[in-house]
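Reviewing the structure listed below.
In order of appearance the chains are A, B, C, D and E, and numbering begins at 1 in each one.
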Amino acid sequence: MIAEIYKIFKENNYATIGVCIYLFFILVAIFADLIATNDPLRINFSSSGLARNLPPSWEYFLGTTSNGRDIFSQLIYGSRNALAVGLSAALAVAILGTIVGLISGFYGGWIDNLIMRLADIALGLPFLPFVIVLAAFLGPSSWNVVIAIGLLLWPNAGRIIRSQVLTLRERGYIESAKVSGCSNFRIIFLHIAPNILPLSFLYGSIAIGWAILTEASVSFLGFGPSDVISWGYMLQDAYSSQALSLGAYIWFIPPGICIVLMVVAGFFISRGYEEILFPKIKK
Amino acid sequence: SASAEEVRSMKLWAREQAAGPAPHTAALIIAQTLNELGLDITVNAVPWPQMADQVWYKRLDEDTWDLTMWQMVSRPERSDPDEFTYNLFHSSTAEKGYNFIGYVSSAYDELAEKQRVTMDPDARKQIVDQAQQLLADDAANAYLVHPLLNFAYDNTQFKDGSAIEQAGLGIKNIWTYLNIEPINGNNDLVAQSLDEIQAINPFFISGGTDSWITEIVWDRLLRIGPNGTPQPWAAESFNWVNEQTIDVTLRSGMSWHDGQPVTTEDVIFSFEAPMDAEMVPMYSPFVKNIDSMEDMGNNVVRFNLKSSNAAFLTSTLAKINLVPKHYYGPIIDSLKGTGNNAETIIEEKRIGSGPFKFVDWRQREQVILEANSGHFNPPKINRWIMKEIPNVEAALGMFRKGEVNFLTDYKGDPAVLANIVEEDGDITLVKSVDVGFQYMAMNHRRAPFDDVNFRRAVSLAIDRDVMVNAAWAGNAVKAGSHISPALSFYHKDGITEFETGIDLAKKILEDAGYTVKNGRLHYPEGVSEKH
Amino acid sequence: MSTVLEFNNVSKYYDVSRNISEIFSGKKPKVRAVDDVSFKIQQGESVGIVGESGCGKTTLAKLILNLVNPTSGEILFEGKDISKIKDNDELIKYKRNLQFVFQNPYDSLNPRFTIKDILLEPLKALNFDPNKFETMITDVMNLVKLKNKDEYLYKYPHELSGGQLQRIVLARALIINPKFVVADEPVSMLDVSVRAGILNAFNQAKSSMNFTAIYISHDLALVKYVCERTIVMYLGSIVEDGPTHDVINNPLHPYTKALVKAVPVPHVNQSHDPLPILGNIPDATREYKGCKFADRCPKHNNECQGGEIKMGLVEAKPGHWVDRCSYNTS
Amino acid sequence: MLEIKNLSIHYVGKEFVAKAVENVSLKLNQGELLGIVGESGCGKTTLARSIMGVNPDSAKIASGQIYFNNNKILDADKKINDLDFKWKDIAFIPQSAMNSLDPVYRIIDQMREILVIRGGYTKNKADERSEELFNLVGIDKNRLRDFPHQFSGGMKQRVAIAMALALDPKIVIADEPVTALDVIVQRQILDLFNELKHKLNLSIILVTHDVSVVAYICQKVAVMYAGEIVEMGGVESILQEPYHPYTMGLNNAFPDLHSTNDFLVPINGSPPNLINPPTGCRFKARCPFEINKCNDKPDRYVNRDREAICWRTSDQKKLLEESKKLETWEIKE
Amino acid sequence: MFDFWSIVRRFLYMLFVLWIVATIIFFMFRLMPGSPLTAFIGTTFTDEQHDLLVKRFGLDKSLFEQYTLFIVNTLKGDFGLSFTYNKPVINMIIEALPNSIILTLFSLVIAYIFGVIAGAYLAWKRATFIEGFSIPIVLTTRSAPEFWLGMIALAFFSFQLDIFPSGGTSAAGVIYETTLSKLTSLHFYYHLILPSLVLALYLQGLPLLLMRSNMLEVMQEDFVTMSKMKGLSSWRIVIYHAARNALLPVATAFTLGVGFAFGGNVVIETVFSWPGLGRLLVFAVSSSDYPLAQGAFIFLTAILILMNFLADLLYLFLDPRVSYKTKN
């Protein structure tokens, strides 16, 4: 497993770039307190009143918002939210998808049927509208996105993993494990699971991008929390504070770029990963 | 001392930023300021239904709200002080009505009732002044500002200065629509609304924007004039027979948009229909005070009132839409017993007698009205069009590009607008002080807000200059009462002049026995949250 | 000699849906992979099962190993119905008796396990005494002619060649000293030059351990080197069953005859006569009435397909059974 | 008719070069049926495809030329532009007919494509020709309108043959045409080849790993091992009097339904890796008759129609005797 | 090929899924914080008015009663009256639907035409410099939030350059007699360009990458090698054989994309003030207009499920391997 991952990065530029981007943001998130020059939520005053819409300066690297908040610090702290949302969504999808796929694929029968019917329902729910309704239902919080992604995206991972399990189940070494007298538990976790972990990882890394984009959309539509700084919130703030008319590009371009970077990093990694998983495409 | 109880952490409810950036910023600043007093306040920004549900319907609950941002907006009938003075603070509305803050004062109740039946304006002003002062002394609300309303129009399409300002409402009013002069081949006034239009129905008070339309499609007997007082309109004249009786003479020669003449029968129908509260629930409060009506002949209709009411002209005669009986009578009859009321009418035709005729409405896109050239006061423009544009950025974009030529609903950053006006050079910007006001409400039912000293401290901690200059970016005037300086007659002079500052607030609290320990404010000895 | 394995009227049908319209319509075509099969295998015998692709050989093997449940019929192992084994201990006891050698060596070893782990799997799963693991491994590695065992034990499957892998597969099957081994085309994936080695190892292990063996192959020529008895299958049914020598040199069923004739031999002078068989490979999902072989049988008549003739074996010569129909017509 | 001269093909990867075909020379005459046998991975397909000029991009022609009727059709040094010989003169039958038919078009459309675009037939003539071809390979002409997946494996192989014959080629190259098939079908297809060869006076190159198949229909055989042709000659002499130890081993290792032997003789070890093939004789590691000299490249032994690459061709009789014994091939340790 | 009843069965199953979704949504709305009545709060809002509203909205009934009523009415095709508009929900949806459909289809068609061609092209140019920088660009466009792209497009093309209108479906004062006349007017399409281009920019990544990898895969297939052996021109091989086969999954992805994009258009509709179903839903949710929100949501779901269904059918039509059964 570790050797495999190492191989991916050794051979794959995309994946390497993706991981570098992640590492960068992870470092930023960890040291946000040190990097940020300001409390991202504090309203700053200048000698002439509220420090609103200031251009970049040494005090405010990227200037301030209409509320007098420091854009640069918001950008820095936004990485925390993005990572938290992205990674927990990834985890939710990977864990749910894996468990469901394993059970459904291995046991088959009515369990499989039931799970697949649930998957139909989940896939029948329009994604963004559902997140909106969920956000309205649970109240504004970034976790809505994670919950929604967990609830709605597991079928994608689950189905693929299930079909993978189905083929694995027919693979000689699984059958031979059965003949050797291994228990189902041992077969699932020792023989099958390691083989589908890469897939779980793949779907997890796809979910990161999804989660961040969705969080941004939901925030943008005004269903996000107002006391948590996220890039989506920043864009919403900029949009509703008319950064476009103000020509405050420095306000709405950087958060968008951060989102793009973070999401594209996920794509890069999953892409690199796909090439290893399904080498046919590459050759 | 050891036994003092810490003041709990609290939420300041506010609407999300998109619903209005300035009050949102204000909330953030206020929370930041109040926390300097040793409080722990976080801003809880939520959509309106959630906020209103908590503040309004759950006001009596155990775990309810503490602080909330709130606003009153301008409407023509609010040019009379009665609505705010009575409904907002009278104890009868504390349980379920608009007195959601739970302000209960028998002294105030008395004043509120008295101003209502005092017909002499000067005497009435005295009472209203007293009421304003009492509220200030009791620190009933932390009034923040009366915003400045921003309107702008393209002066290459309209003659500069041909818009008419109405006190407390700005230039977005019927007088402007009638008077504004299109130039350079332009014929249309293209207005804009951020809110979605919900209905165009003379029996339904729906969204705020909707009334801009009903107001000009349907005539009323009186209209609030540019100076804020009611003046004859469809009524040629009116005459108080006594304090409870008024004769109204209908203007002759008026006709409905379908060509039929406007009759006294129609007038009576227009006021009778809302009396059925089940059929026309929204308008029924405005005709509650009418005991009966009589057709006196010669186009005269007599209204007999149940009790004298100083606001009758404003809140009833200038409020009720005149509708043709021959058209709406059968519709209403057919609705009886169906469980649906007049608010559900979906008309193919919308027939009024107003200066504009209804032409077309495409939901969430635009409404088109056309000038009624046969009106006794015909507009100079040919068409009145309103685009529904849900976000201010797009609205401003369209205005700059000339797709909209009259900015009627600008809730965005006034500085942005000012910039644009400056850059463009062909825009006339008109700012007016709002009849409405923005404030922070406190829940009087709960400790510590049941303590007038605490309320005073909270209110006075907020620097109103910061509010005006920082939150509203200079686009507002300080508020000290619920009567706007726009209503110059009833506004109490000097009510906005009071000291503020964090030190003052701290002193008030200290004097009242509050203490600060470990950075947190504690109640005076022996006072506890739960009673 | 005692009967180790007994099939009594065993059938196994698979439901298959091949396309969306069948899924939509809920039609469920069945594949009669094994159709009403009965036979007995004695202790120490080695039995070859031959037949064309898809005739049900692998399914038969899976039935024996309890990897699939029969649709009907009973399978007795040492007199016990294996589908009735519920108790865990009993299951382990049963599994300790049986092993399987798979067709594809590249596929039947877990690529993430070292060779040693692979060999230990059955020992751990079947609760063998951990103290004996080392000696068991040494013994079995010798048996499959991988004498220099340390060279292999810590390698991963992808580091070995196909022939070596198949020896490991064989070793894993034999390590628990089973009474009964089923080998499903153990050499068909391998190069010709290494096939022989595996077969020889298999034969030697059999004679030294004396297990009962079933050897599955589509190649009659290979079966000849391993088995003394041969069962010929056609479309899920047994059409001929007898001593290998007899079956090859004196086939009774027309299908066996064609099969024997069709196998090319590495000599120049071969008969180029046309095969005594008609038509093409049959469709496994089809419902057959009467004799399944009828439409390819050179001697078929209307009666064959009419349903009057049932498939079933009769003993033509001692120990040599053949389908009733071809017995009657010959 | 077809001549391959010194052909070497290397697969060039990022970190390796696999010498899949090394110095292969071959001649094919009119009406001849040449078999190429060898084990998996020895370069048979690479060789066959290079004649058609369709090896993957990673395959580099390191040396050699191919001539058809004395026209160069492949050259290591320069690109050949006239590719009109394809299918008109040399046609190909692939290993898996299963995947070599486009799944989304009906057979008739794929036939027409060849006949109309490459052969210049009109549509009607093309259909007539298709029917004729189906007749020839023994499939009902009604099935022309079917899609590929509607045929069984054996029938697809027949369809592929019909397609190969569409433009009356002089040479047909068949890459393991029967490997995936059951023996009975295999036999039918082989018989079809035989029949067509006589009827149409075709030259056929039949690639296979099965010595018995070669024995059944070929006249000439080339034995490939690790990218090289180690032995070549008439089928009878190769089977009975092989010169190369590998051929001897291969013959031994092959099961024979009618032999009286009850054991098979394996060749030890496994074929070498083509990325780093051994120097000298490529078979030496597995050869029981290895001598020191084998570390050098053996000369090509040529004797009338026989060719072999081995140092010990002079000991042929003795070695052949030895090779029949099981002990000879016992693991050297 | 496939019989009528099979489709009916599948259709009934769709209804079942729809019913479950409707039920989930119904209860989510009822249990949501906030009240639909808050929209009516005003200084003159009285108790009687309040009670009347409660009664008219049916909120005085028990949750179970409300639910059964909702299901029964929905089955009748009656989605109730919108709380805020007092209009039948179905009318409002029907008014918004064409706008959404056109926006979605228009952008999807642009995205797919572009994506398919570019994907095929990139597959052809494999391992070249062009591919080297195209793929990251494509991945980047897929990673950008749609609304952000919309914002930038608005700021640039509309506010700065003034070549496109800044939102809505028509300029002020333009009256369309019917929906049809609207959908056929050039004016409407002028307004459609910017939002659909932004959407298309976001959507093109999927077909492009899918097409590319399918092409690469198909180009490896034996039948493509065979076509080369047959001496066919590379154009013919790429277009007639490779592209045709590679298109199969892209075509299904298109159908699925319709359903998906429909739900995802919410943000674009907001940025461009496009009066579609998504915006209607956002409005309804934020104003607790249950019937409207339910109606819009159920419609979106129905479209999604229907598209999933059509994707299956489409596959059936396009791929002979599933549509033509093997003859016996």
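Going forward, a residue touches a chain if its C-beta (ideal position, glycine included) is under 8 Å from a C-beta of that chain, and two chains touch if they have at least 3 such contacts.
Since the model is a prediction, treat every value here as computed from it, not as a measurement.
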| item | value |
| --- | --- |
| Fewest touching-chain hops separating chain C from chain D | 1 |
| Chain separated most widely from chain A, comparing mean CA positions | D |
| Comparison of A-B and B-E by number of C-beta pairs in contact, larger one | B-E |
| Centroid spacing, where centroids are CA-atom means, of chain B and chain E in whole angstrom | 39 |
| Where chain A and chain D are represented by their mean Cα positions, the distance between them in whole Å | 53 |
| CA centroid of chain A to CA centroid of chain C, Å | 50 |
| Distance from the mean Cα position of chain E to that of chain D, given in whole angstrom | 54 |
| Multi-partner residues of chain D (at least 2 other chains) | none |
| Touching two or more other chains - residue numbers and ranges from chain B | 46-47, 50, 391, 393, 397 |
| Multi-partner residues of chain E (each touching 2 or more other chains) | 33-34, 154, 159, 270, 286, 321, 325-326 |
| Chain B partner contacts - residues on chain A that touch it in the complex | 41-43, 45, 49-50, 52-53, 66-68, 136, 139-140, 222-223, 226-227, 236-237, 239-242, 244-246 |
| Chain C residues within the chain A interface of the complex | 65, 67, 91-92, 95-96, 98-100, 102-104, 107-112, 121-122, 125-126, 169, 172 |
| Interface residues, chain D side, partner chain E - complex | 49, 52-54, 83-84, 86-88, 91-92, 94, 96, 99-106, 113-114, 117-118, 143, 146-147, 149-150 |
| Complex contacts: residues of chain D adjacent to chain C | 39-40, 152-155, 182-188, 190-191, 194, 209-213, 215-216, 235-236, 239-240, 249-258, 262-271, 286, 331, 333 |
| Touching residues on chain C, where the partner in the complex is chain D | 52-53, 145, 147-148, 161-164, 191-200, 203, 218-222, 224-225, 248, 258-268, 270, 272, 274-275, 277, 280-281 |
